[in-house]
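You will see subunit A twice below: alongside subunit B first, and alongside subunit C after that.
What follows is the complex of A and B.
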């Protein structure tokens, strides 16, 4: 058994290892549906809709400055932000994200799924390295996982 | 087929009234004439939140068995779950109930539904 830390984290974007990832997080929640009836003293519930979402931060860094596809932050930004074309921007794209943990075992631990990027933010400031903050929500259940 | 024995999540009861008519004279004085000795037109609305579809379908089956709003039936004591006073549902010899309208089923998620039932007291 071993502990894992940031050095063991991986993020894959459409199957490619993302570069310069600062952090990623994932969260799953289930909405409880109230089944309490008249006469009950304690609330009862049943499982409702499950939501898996997460976020990640990446430095705006390109391995090759002339090729935006080598900039992982740019790849994600281009999935959600679409420039005006014939009156309106194109529809946002979904992206296959894989959040991995290299824990020293023979098989990497991961959770993978098609995600909709729900928000993207970047702040340029003096004394700070430009980075993109991305939030995403899984489209349905994760495609596969091994945790 | 008897009414499903499930505790409701919400219940609204209107006890109805006795048949009577009010008359007002020119002076403004009111006179009332009672035409019957039995209370009628009681209304009972029941909501069953987030129950399994199998239970929800029991309401549809019961509604069909009563030929919709045609036949009257006796309610189980479960409809008064949580009420600690004496039963306010009249004895079946005095009042029974029929559907005021078809039960509505709101599908919440796969396998889970919410059912709303509106009943009318029949003398």
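What follows is the complex of A and C.
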């Protein structure tokens, strides 16, 4: 067993390894529903709705500038941002994300699920490299995981 | 292999101002004292510094009524600023810093109030006196490009360039007779103390920082600089020193070659330009 760090991280977008990923993070929370009743001395609860969401940052970098599919940031941006067509933009697409950890074992650790991108932001600034900040929320439970 | 000593280094500065920054005011009839060769107008304290080469121009492009036999809308002179904000004009930097009556340019009393612009515009570089040491540093900004999966840190190689430095001087604020270390062609360290407080035109100067200086071969940095900090150190057992910190603004150039100089005539006088400056050449003076 070894410690893991950024060099062991992977991000897959629709099954393809994403390039130039600065970081990713994931967070899962469960809403606790209060079941405390009269006579109870201690608060009790039951599990409610579970939410899994996360974020990632990617440099806006294309292996081939003429092919936006080689730019991972562009791929995610195009999932949420839709140009006007026939009066309005198309519906945002969901994306299959896999957040992986290469820990040296024969099987990569990961969590994978269909996600809705909830926000995308980019800032062009002096002294900084253009990058996209993406937030996403899992649609339902993760499809598969091995952590 | 050569070893270079600090004695071949030096700093030259050119007085300048931020962009087209100028001071505006009105030259009243009573502002000019013809007999004292002295005039003034309402300008902020510290806006002008003794030794500045200033361009004075009328705002309405009419002829400037200030200098005797000068019938043009504007003119370029060196100024001496006295303690009360009075100005005398001179033809040379040395005369201006000396501030004597005789070499001052004769003035005329204007016939009417004149709205004027005044701005700092000097074409000459003067060496800085009393330097004990100086340093200049250039930086290339590194932006982290490391991404997931990398084992080695990656950096963006084409980041922004900046520079900064400091100059340590023995403090001096005046020129003295028969003083071989501080003659009238040099800038005094106290100029920076005034410059950092200068209003309207900013604390900008053009600097040449020589790493090695010989007539036919020199190595030097040149950059526009902004004075950010001026400090004084007082200690009972040592001389008073002043420390000047600056940052560069805009391009920084590292030049190697012959020093900039001026074309001379056979009689060794400068070829003058219409603005009073001298015609520059690439070859050094003989």
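Quick note on the criterion: the second predicted complex is superposed on the first by the 147 of 147 C-alpha atoms of A that agree within 3 Å, B and C clash if a C-alpha of one lies under 4 Å from a C-alpha of the other, contacts with A are read in each partner's own complex, and residues count from 1 in each chain.
By our rule, contacts are C-beta pairs under 8 Å (C-beta built on N, C-alpha and C of every residue); 3 or more make two chains touch, one makes a residue touch a chain.
Since this is a predicted model, take the numbers as computed values, not measurements.
Novice: Using the superposition on subunit A, decide if subunit B and subunit C clash or fit.
Specialist: fit
Novice: Determine, under the contact definition given at the top, whether A:35 touches first (subunit B), second (subunit C), both, or neither.
Specialist: First partner only, subunit B.
Novice: Would you please give the vertex angle at the Cα centre of subunit A, with arms pointing to the Cα centres of subunit B and subunit C, as a multiple of 10°?
Specialist: Computed angle, apex subunit A: 120 degrees.
Novice: Is A:127 touching the first partner subunit B, the second partner subunit C, both, or neither of them?
Specialist: Touch partner of A:127: subunit C, not subunit B.
Novice: Mind telling me which of the two, subunit B or subunit C, contacts the most residues of subunit A?
Specialist: Answer, by number of touched residues of subunit A: C.
Novice: Is A:20 touching the first partner subunit B, the second partner subunit C, both, or neither of them?
Specialist: In the superposed model, A:20 contacts subunit C only, not subunit B.
Novice: Using the touch definition from the top, say if A:46 reaches subunit B (first), subunit C (second), both or neither.
Specialist: The first partner, subunit B, only.
Novice: Just checking: does A:10 make contact with subunit B only, subunit C only, both, or neither of them? Give me first, second, both or neither.
Specialist: second
Novice: Least CA distance subunit B-subunit C after superposition, rounded to whole Å?
Specialist: 39
Novice: Considering only the defined contacts, which subunit B positions touch subunit A in the complex?
Specialist: These residues of subunit B touch subunit A: 6-11, 48-51, 81-83, 108-109, 112.
Novice: Give every residue of subunit A touching subunit C within the complex, in rising order.
Specialist: Where subunit A meets subunit C, its residues are 6-11, 19-24, 59, 102, 126-129.
Novice: Which subunit C residues qualify as touching subunit A in the complex?
Specialist: Checking each residue of subunit C against subunit A gives 141, 143, 145-151, 156, 159-160.
Novice: For the complex, give me every residue of subunit A touching subunit B.
Specialist: 33-40, 45-46, 48-49
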